[in-house]
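Next up: the structures, one after another.
Two complexes follow with chain A in common, the first pairing it with chain B and the second with chain C.
Let's turn to the complex of A and B:
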């Protein structure tokens, strides 16, 4: 009897865990399954299986262009966010700079402001400064959104860095620029790679900001959104499955990298 | 001979806290000099000022005769071995050692040769391609030393580099450091709070206290003839006898200590009757015997505690009005003592006399 009672919380927890996993994976599994259906509409039963939808997606010029566009925006905003974020993190740990708490709070703000608010304010901002909507505006929006994540990751790594590594470099004849590129940056390396991959995922995934700041050229999420409005088709499922597989792989790799960085 | 480095009336303070006050120090080339003192005595600040990481509030620092007071660390020809080594974790051992050489603009061939030469000096040739994380503490220590020596600095600064090692390895490294210093002929400035390290390796010890130099000299002098109560207490174990002058006769003074009369040579102090003096009596200078010694100071006492320490026994002997004297006795001598009644004796010339005015330190 005692055993049954003491095991109860654990059993419940395990049950919740499985329920959660099912809830998480079932929709994804269904979506993926439908992408292999040999028919024009998304519904059960699946009946015949096919890879035709994938073949079609791979030849879909719109899809390929959207992919390229998304990747380009992700690359640009990641580069900008990583540079900015690293710089801000360096400022925060630097000696003799006042208001470091404020810098940190400001840098983290974009991560907590609701996407919609930040998208609208960004839109108002760019029209105030007469900046056209489109690629540059999207990159700007994505960069601002991604900076906090880089700051936090770089900061964690910087704080674990022995203080006199840079002193040692200076002592051996490096000026502060050489010390940064030859000692600090390599030390930050793993954290930055992790942060960059995270930035890429944030950018590829972003809908709200792109929606408000974009022009006529669709990014991947915009394209899928437009297609869904035209009615569900297994082709969309195939697209979504491709995006899912690629981003999940990249995300897991980033997690692996940051984990390795933490244990080293 | 021109000193290799020189502190000229250097003062450094942080807000109200004065870390180093009017420091004057000049060291000849090729010496192993140790700054010794408790934490907060200003020894590390002095090292960082010589390294270029701190700027004095006043005074000058000269390196090879040139004023380097405001020269940044990367433009000074001194290198530091840091307390936690500060090896670059992402570079191999060879790359770590090559770092300073590369920045000095040597060609690859020269760098390669020099790195190998240094690795051979500490028998780490087989570790050239390893990362610092794959080395033991002692090995990292050696690499840090070689990295700092590689660019051929005028002075090598060592900031408590042995404190992270265990006792046995530390002793081994003391000997190794000293032999590397002798082999390379470099000037080493070593900073430590460990008096044993200082005594083992140094040509010159500079004892610092509260930002000032308390005493400077070779290890023998500092141990045998401490100039202040602080130095006497800081270096080695000491019986410090606060006594009053009763009378003088030639260069010996009769002193009243703790109800007994002892003799000591006050040197150039020329005390008058009634003056207070400290007599520094090292535990190993005391002889304990069952019979009364024929000459020298001798007091009858009772053994209160015996601590066996292997190669010697530490006796705590109660003498006079209840004062305790600490004596180091050879175990075979202890065996000859019957019971707790002993005579403690010492030769007056083995003691040092310090005037009382240093007492407030």
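Let's turn to the complex of A and C:
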């Protein structure tokens, strides 16, 4: 059946795909390659390879502290967003509750509002409730940002769940809370782990919310922003490469998990 | 339904109202603390509803709607943060400022031009890629082909922006390469221009277009295309009459997502743009730094941007999609 498509468009499309992939990967590959170069600027061929920049980055106390701070914020906001997102998704699929469409729309609101405006409105909000800028405010901002994604992922999984699983648990005497923790939550498990990793990446990557809600302690994106504003340097290359490798590995793992969840 | 035999077996030798659990959860469920708090709450319908809806509704109203509401409220105040001795009163002046100066007006227009252009370019470039992965690649290879495209997505906004700087800077890869070949003597200034900003934006957001388009195109049954081909439709007719109309949902959600993301990008224009490409987010941010008395103006500007962006996306959805749909 497939040879129905004549060969010319197929070849063109294949070439286009690889060209597009090259476009996507070239800048990043270049960045990674230059992180091994011993000179201070871009040049070809790379010539002498070195790991000096990595050694320098690994000793950079500011960088390590920023990493730690980012990871801490990501962990806290992910935990909060996953709990809230699952809870909201449970409310949306619950029987006998009116206005589910409105609840869903409200849950998705932060995903539709452009990042800059979401950051500004959060900045105004924390000032109206007399909350100082800093760690707590950043975590709050990141949580609001991540909740819609958890809701959508949990909903997709919940809608594919056979309804009789919970009914069976209830017949056997479990109350709603027990049925949730013993039946629904394990069923949601893989989707939630995938969603959590997505939240972590979202939080670690976020710049604009942190910029408006944070204090003087820089997160990873803020540190990179400050360094990039200072101009090109192989040290940034090494730093960015390290971050890229770690986040890509984590992202790949999340992709694997959600894929497995979908096929199971 | 559980057979009566099993039920009888389960019920034998224990209080029928207390379920038996095989694991440690029994300790929790049967503890006095649980039975007097959560356990008691789920007994009644009201208790169950409060347990299910309480926290989510408070969160949604407080933190999803609250910030936007507060922004609206402050945009209508003459002073904020309120200082002692200064009375704040209701006013529309903050909105009037926007229309009074082209200094404020132009960045919004520019933001819209950049976001629209980036959306259009992304659609045209990514569509063939999405089509290729969804329909040309064999089903076994699809997830691999898709995964390869997702790799840069994990790099994050700032790292990708930085890699674009590496490529386009005066001492960046493109200029160095052109000089090595001998095509140019002096570097072409590409960074800090509209070109670098457009390039960077497209690079940043093209993957948001890929996934909605891919899932829409993948859903089109291949038999439709085979049938059309049997009836004599060429590749172009098949594309125009079948693939394009049936992937409309993907186009609508992909374009809205890309447009709304693009308009709210803050760091990339600051790093890749120049003095001629000041976009609206940068204008807004100016009101929140330095003299803090300008917060109401910043709030009003942010709302103007939010409303115009959502209206634009809404009009687009109506025009192309025909019916209202959420961004997901």
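By our rule, the second predicted complex is superposed on the first by the 254 of 264 C-alpha atoms of A that agree within 3 Å, B and C clash if a C-alpha of one lies under 4 Å from a C-alpha of the other, contacts with A are read in each partner's own complex, and residues count from 1 in each chain.
In this section, a residue touches a chain if its C-beta (ideal position, glycine included) is under 8 Å from a C-beta of that chain, and two chains touch if they have at least 3 such contacts.
Bear in mind the structure is a predicted one, so any value in this text is a computation, not a measurement.
Chain A is touched at more residues by one of its partners, and among chain B and chain C that partner is C. In the overlay built on the shared chain, the residue A:229 is in contact with chain C alone; chain B does not reach it.
Look at A:174: by the touch rule set out above, it reaches both chain B and chain C. Within the superposed three-chain model, A:105 lies in touch with chain C and out of touch with chain B [touch as defined at top]. In the superposition on chain A, A:117 contacts chain C only, with no contact to chain B. When the shared chain is aligned, chain C comes close enough to touch A:30, but chain B does not. In the superposed pair of complexes, A:17 makes contact with chain C only, with no contact to chain B. Look at A:165: by the touch rule set out above, it reaches chain B but stays clear of chain C.
Residues 168, 171-175, 178, 182 of chain A touch chain B in one complex and chain C in the other. Against chain B, the residues of chain A that register as touching in their complex are 162, 164-165, 167-175, 178, 182-183, 186-187, 189, 264. In the complex of the two chains, the chain C residues touching chain A come out as 1-2, 10, 18-19, 21, 25, 29, 38-39, 42-43, 48-49, 51-53, 55-57, 59-61, 63-68, 70-71, 74, 81, 125-126, 128-129, 131-133, 136, 143, 145, 147-167, 169, 171-173, 176-177, 180, 203, 206, 222, 225-226, 229, 235, 260-261, 263-267, 271, 281, 284-285, 288, 295, 298-299, 302, 305-306, 309-310, 326-328. Remark: chain A residues 1, 4-6, 9-10, 13-14, 16-17, 20-21, 23-28, 30-31, 34, 41-44, 84, 87-88, 90-91, 94, 97, 103-125, 127-128, 140, 143-144, 147, 152, 168, 171-178, 181-182, 201, 204-205, 207-208, 211-212, 221, 224-225, 228-229, 232, 236-237, 240, 243-244, 247-248, 250-252, 255, 259 touch chain C in the complex.
Residue ranges on chain B touching chain A, taken from their complex, read 51-53, 72-75, 78-80, 82-84, 86-90, 99-100, 103-104, 133, 147-148, 151.
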